[in-house]
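Chain nomenclature is as follows: A, B, C and D, assigned in order of appearance, with residue numbering initiated at 1 for each chain independently.
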Amino acid sequence: MRSYFGRKFLIYGLTFFLAVTIDWMIPRFMPGDPITNMLANFSVSSTNSNAYAEMRAYYTQLFGLDLPLWQQYLNFWKSLFHGDLGISTSQFPTSVAAVLLRAVPYDIFLLVPGILLSWYAGNKFGAFAARSRWLDNTISPLGYILTATPYMWLGILLAWFFGIVLGIFPIAGAYSFNIVKPTLSFSFIRNLLWHWFLPFASLFLVGFGGQAIGMRNLIIYEIEADYSRYLEALGAPTRLIRKYAFRNAILPQITGLALSLGVVVAGALVTEVVFSYPGIGYQLLAAIQGQDYFLIQGCFLFIIIGVLLANFIIDITYIMIDPRTRRGMTGETA
Amino acid sequence: MTLQIENLTVYYRTLRGDVRALEDTTFQVADHEIMGLAGESGCGKTTLGHSLIILKPPMKYIKGHVALDEQELPIHDMKRMNPFRFKEISLIPQYAMNAMNPTRKIGKMTAELLGSRGVNFDAIRTELMRRLDLVNLPDSVLDMYPIELSGGMKQRMVMVLSTLLNPSLLIADEITSALDVSTQKAVAEMLVEFRNREFVNSMIVVTHDMSILYQIADSIMIMYAGQLAEKASTDVIIHSPRHPYTKLLISSLPEVGVRYTETKLQGIPGKTPLLLDPPVGCRFRDRCPISFEKCMEVPPFMEVEQDHYVACWREF
Amino acid sequence: MKKQRNKNEFLYFALRNVKLLIGFSVILLFLITGLVGPLLAGNEPFAYVNPLGPQPPSAEYWFGTTFFGQDVFSQFAHGLQATFLVGILGGGIGTIIGILIGFVAGYRGGIVDEILNVFTNIVLVIPTLAVLLIIAAYFEVRSIFSESLFIGITAWPWAARAIRAQTFSLRTRDFVDLARMSGMKPLKIIFQEIAPNMMSYLVMTFILQFGGAILNAATLDFIGLGPTNAISLGLMMQHAVNWGALQLGHWWWFIPPGLAITAIVGALYTMNVGLDEVFNPKLRET
Amino acid sequence: MANRMRVLLALVLLTVFAVGCSQATTTVVPATEKTTEKPVEAATEKPAEEPVEEVPSAPETFERSETLYVSGAAWGPPSTWNPFQPGNLANTTGTIGFVYEFLYSYDPLAGEFTPWLAENGEWTDDTTFEVTLREGLAWSDGEPLTAADVKYTFELGQQYSALWFSPVWNYLTGVDAVDDTHVTFTFDDPLYQEWDNYLYSLPIVPQHLWEGRSEEDITTGANENPVGSGAYLYQSHAEDRNIWTRNENWWGNDVFGTPAPKNIVDIRTSSNNVALGMVLKGELDLSNNFLPGVAALSNQYVQTYYPQAPYMLSANTAVLFLNTTKAPMDDAAFRRALAFAIDTPSIVNVAYAQLVKAASPTGLLPSMQQYDDQDVLAKLGYEFDTDKAKQMLAAAGYVDTDGDGLVEAPDGSKIELKVTCPSGWTDWMAAIDIIATSAQAAGINIKAETPDYGAWNTELQGGTFDMTLNNWAIMSNTPWNLYNLLFRHPIQDQMQSGNFGRYDNQEIFDLVDALAKVKATDDEGMKAACADIQELMLTEMPMIPLWYNGLWAQWSTSTWQNWPTEDSENQTLPTTWSGYWQMGGLMTLINLEPVPPAE
């Protein structure tokens, strides 16, 4: 168990180190100069070159880009541990950390239910589809279609149909634009949920399809496993056999969930763009459009940390649920 | 008579036609008899064992009757067969190591299995404990997951589980092949013990391992290419077999106790016939040193002495 | 019994597997459209052929015209080519890297396996899209080839893992032992003894990578990091969205590319399950 | 175990919902505090805001009939309310114009200056400009706005060279607050044309709140909860919105009238596509997004300034810059031939579906057309004419020698050029496609390419491009503004703000400098100076003005009416873009009327 955790932590540590290093490279090795690009956004039609040079020098110093690279790298780690991710250029002078901290709750709000509910419902649906060949041939295709749908395409169709044609859901924002101030009132929360629903639904549906297919495939294999055959030979009813198959298929599905996180996160990014939903994806796109490398950097880092954290939680959950690892037997979870 | 089998024929359905894995089999297993079933792999012994308890595709029932304790077994009907499974006829599978759900505590799994067959776990718990004790398993195994048990423990657990409802017939399929020699011996002895204590009435022990049979079987039946070759008491089969195949088989063993797992018969010219399109008559014909014209007809499985059955024209 | 299985048997089951046939037909239909369509369309994908601007499908313009009066069918057919190209190249690169790493890790075991395993896990955890965003942004001018390359080099980890596990189980089989004892070189063993026995598995891996690459490319295209001077189904969607196709009622511009992606990827997944049933006799039984 | 898992899941979900909700709300509420890195500053300007937050029975939603919903100004989440940060201010439109005000406003449609904070301003001699402020000006915290504030604001530019307006001190020598309402500016060789620009683009800030701030705060601080003198107050903001409320005590209520909307919600959408959806849903009163195809919705869902093409007013000129340091763009004859080869009508009709107008060859906006010299245009103007372009090319020695249908340079070398614009700028991408296609038709081998913005910008400023589009000269009070962009000099390694093609001709630089020094009142002098520039420019053709980008504006009359249109009484700019409030945008709000509720 300890060596198991040791390995995991080593991998997490290395991943984090590598990710942070890649992250650090983003603004420094991009084509074009971040400060030039940032200043290009300032409409400087009546500024003379002197002032421009001064502004340039000022911002270069501000972002520490005048130091030797190794020092910049060390400083990057140092400030990282102080929670300092630099300053956003497109949202100057807001700090990147502040921008991200405001965005993250929306992501949690969207992703966690999206992932968990689609996982839960997808597994149930997949298990149901695997009950018989007839069911499999009639309802499994729904799963294939859903999981093959590009997130943004589905999102835009949902927004168009439910938002514009039927007009029953909003298509932009995290809460209505006529709200004076966000409060913890019931009506505000209802409003939040109302705006949350469509982006959630597009994440949910695609994830649902993938999980359902995964579960269906696993169950089909489990039903053929030795323990199922033994039960059958002893005359156990199909109900019990299916129940066991489901239980055992759940474990690889948990691992599968960890593997699919990257895809879900990608889906969330584009979904937020489609629905103007102010999470990390929305900020990331704004950062890319505004050539804001520091914010891109921050978004990437947050995504990495989020995915690592989720992986860790899934690992722990797996260990808690799988009796084999729980009872101290080491083994690869994933 | 515990088990009476008449003209049982079971094929495997494949693309290129039916594989005639079990042809016209007729034999009996007596009360309290432990019958060993031996033969090369692919001779149909596993097919025979399985068709008695769970005959499902790609296995195909062709004809024949099976009666257990004078009661006809509907082996061709998966559903109607169900009430007999576990209670009247039970199985210790070849894959006993993996036969238990890996994510269920053994006790819970047992309870659920029994519950699903309408047996109250609590009512039978004391008996279960006694039998666990008998096979040297601590009561605590019920609170363990299969992975926490060693191979031998799993094997014994499955033995206890399969026989818990005192079936009339137990089919033990290659139960020792995955175990080391000392464990094999212990397991084999337990089978005898189970019979002696009347947990089971009679047994068919399917195996590659003649030495095990020599140790525990009352009688041995030899199969070749989907047909029965010879059945007699263990002593007779080992010391004075009459069927040419049995003779070759026994003589090819350097000494009793050596396993012949997967090894083909050495020194006998020719190959085992393909069961897709088996030769007419005696299927051992082509390799038989003493074959003659008569062998173009299928020899009957005849009782040539008391309790000694042979299927060879030369013996009649 | 098992030894009697051969290619003919696979073919027999393949031709009777509805999932495989449906999936394959859909792929074939789109592939033919992609290959023949550009010839049928008669218009260049970007040419401003219809002076009336956006028009619904008609006999002249089968899928209608875009906001600018470009032939949607022509774009669709050319876009299909790009989509298949990304799928084959991106999926192919991903599969090849996955196979190499999976084989080596699974066959060599030990410290090599440990290192490759840690490496695989690291790449696995880093979200692909985030990396793709960054790689894509590095390139000033992007082509379908570079896009495929990026997708391929970020998509291989799960394939490597799966193949590693398979190799691991094959490594201890008799025929591999035999080859090893006869002094065969490891690489030769991998490609002559192990690979052929995993062919079905590799084919299925490629199919999944194929579908994944198409979806990844569509996402990249949609957020504006697709090929810079090209047409693909994802770029069509992006253009359609940018020019308010749905809102302005030009559904014929927005629906076909997304539907085609869904159909192609869905068909690939369906094929995959079908193949699974063909290759794995246990799953065939009714 | 199934049950345990279900419970576990439910628990996780519940926590997530709870965390999600509470997080979302609690982080949004004190958003201003979170971004505050200098709490001291927030404290200094806080009092004005406090009462609004404290009212317990405040309504939860804005009254629809009192609220104006707009979009299209912000291209990113709001981040700064510092009136001296021109770039990022776009995301908090209203910081200048609503909160901070100017001495003058300028109406580009009428070409007139209107005194704003100033009551009057005049040149008493060639180097002295005297401003008289209005009586009763006040900051929204109640303090009076005086000449000292004006002096303080201008002098910030003298003190901190990082501020964008510091170059004014190249010719401004002193600012003197004579008394509370009189300011005297003294100059040394003033650029009159530029000075006029400062009058309506330099926001005046309150000395009493800014005095103690550090250089960093002043130049780069976010200035949360801004206190100004204008018609609207900062109410709140979130990632996707800025909310402003009317300043009921605004000094201008009696002078200009009270703006009709009590609240203004400025919405930032992640794409124009979302804005279009909101327009269709009737959730936006005014959208200043570029919505292609809006012509199809015009007069039905939305109204536009012109009921027919071009629908939109013109806002700036899209110019094709040619890199004159590279062959063959270093040849004026080639450049002029290219001007005839480009199919501008198709750009207007196809790429923009008639939402824009073709540009005058002089590049000046329609509002500046009095400075177009008609004689020069008649002699040197150009229009799309492929045949003429071919003739001109042939005459200059550009002929097709290898028979591939494309001309070679006089020295026989192949011509392969690229026209670029940033990837994702969809309308321009369509435009450069048309440029390339039509140039090909005339025999010039040009291909369209769309690099990423960063790469494009590096090429633009470093001068490594072949030809590229740019439109950075915005609507203004003087033609000098455009020509200053086109002929920015001296030529440097990096050309950040104009003359990207590095056209190096002292003669035209002198002409532009001469224009800068013509007094704004000297209309004839300006026309003459412009004519000289235009003649040389059209002869040399160092860049090619192609079309006017529109002042994108589409509005609904469901809640608000009396919008400015071609035929309306009020001719003001219907825009919310930052920097346009003092160019008539605010007057548009003042002229708005609520639609009476249907009986």
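Brief remarks on what is shown
Just so it is clear, a contact is a pair of C-beta atoms (placed from the backbone, for glycine too) under 8 Å apart; a residue touches a chain by one contact, two chains touch by 3 or more.
For clarity, every value in this text was computed on a predicted model and none was experimentally measured.
With centres defined by CA atoms alone, the chain at the far end from chain B is D. Put simply, the chain nearest the middle, going by average C-alpha positions, is A. Here the largest set of C-beta contact pairs joins the chains A-D. Here the spacing of chain B and chain C, counted between their Cα centres, is 49 Å. Averaged C-alpha coordinates put the centre of chain A at 36 Å from the centre of chain D.
Chain centres here are Cα averages; for chain A and chain B they lie 55 Å apart. Per-chain CA centroids place chain B at a distance of 90 Å from chain D.
Counting partner chains per residue, chain A has residues 30-31, 156, 160, 164, 247, 273, 285 touching two or more of them. Each of residues 103 in chain B touches at least two other chains. With touch defined as above, residues shared between interfaces to two or more other chains in chain D number as follows: 1, 271, 273, 277, 280, 424, 452, 454-455. Across the interface of their complex, chain B is touched by residues 225-227, 229-237, 239-240, 244, 247-248, 251, 322-324, 327, 329 of chain A. Chain B contributes residues 53-54, 82-87, 90-91, 93, 95, 98-105, 112-113, 116-117, 145, 147-148, 158, 162 to its touches with chain A in the complex.
Chain A contributes residues 10-12, 14-15, 18-19, 22, 26, 29-31, 133, 137, 140-141, 144-145, 147-154, 156-157, 160, 164, 213, 217, 220-221, 224, 259, 261-263, 265-266, 269-270, 273, 284-285, 288, 296, 299-300, 303-304, 307-308, 311, 334 to its touches with chain C in the complex. Across the complex, chain C is touched by residues 271-273, 276-277, 280, 291-293, 296-297, 346, 350-351, 353, 423-424, 426, 430, 433-434, 448-452, 454-455 of chain D. Looking at the complex, you find that chain C touches chain A at residues 18, 118, 121-122, 124-131, 133-134, 137-138, 140, 158, 161, 211, 215-216, 218-219, 222-225, 234, 237, 241, 246-247, 254, 257-258, 261-266, 268-270, 273, 276, 282-283, 286.
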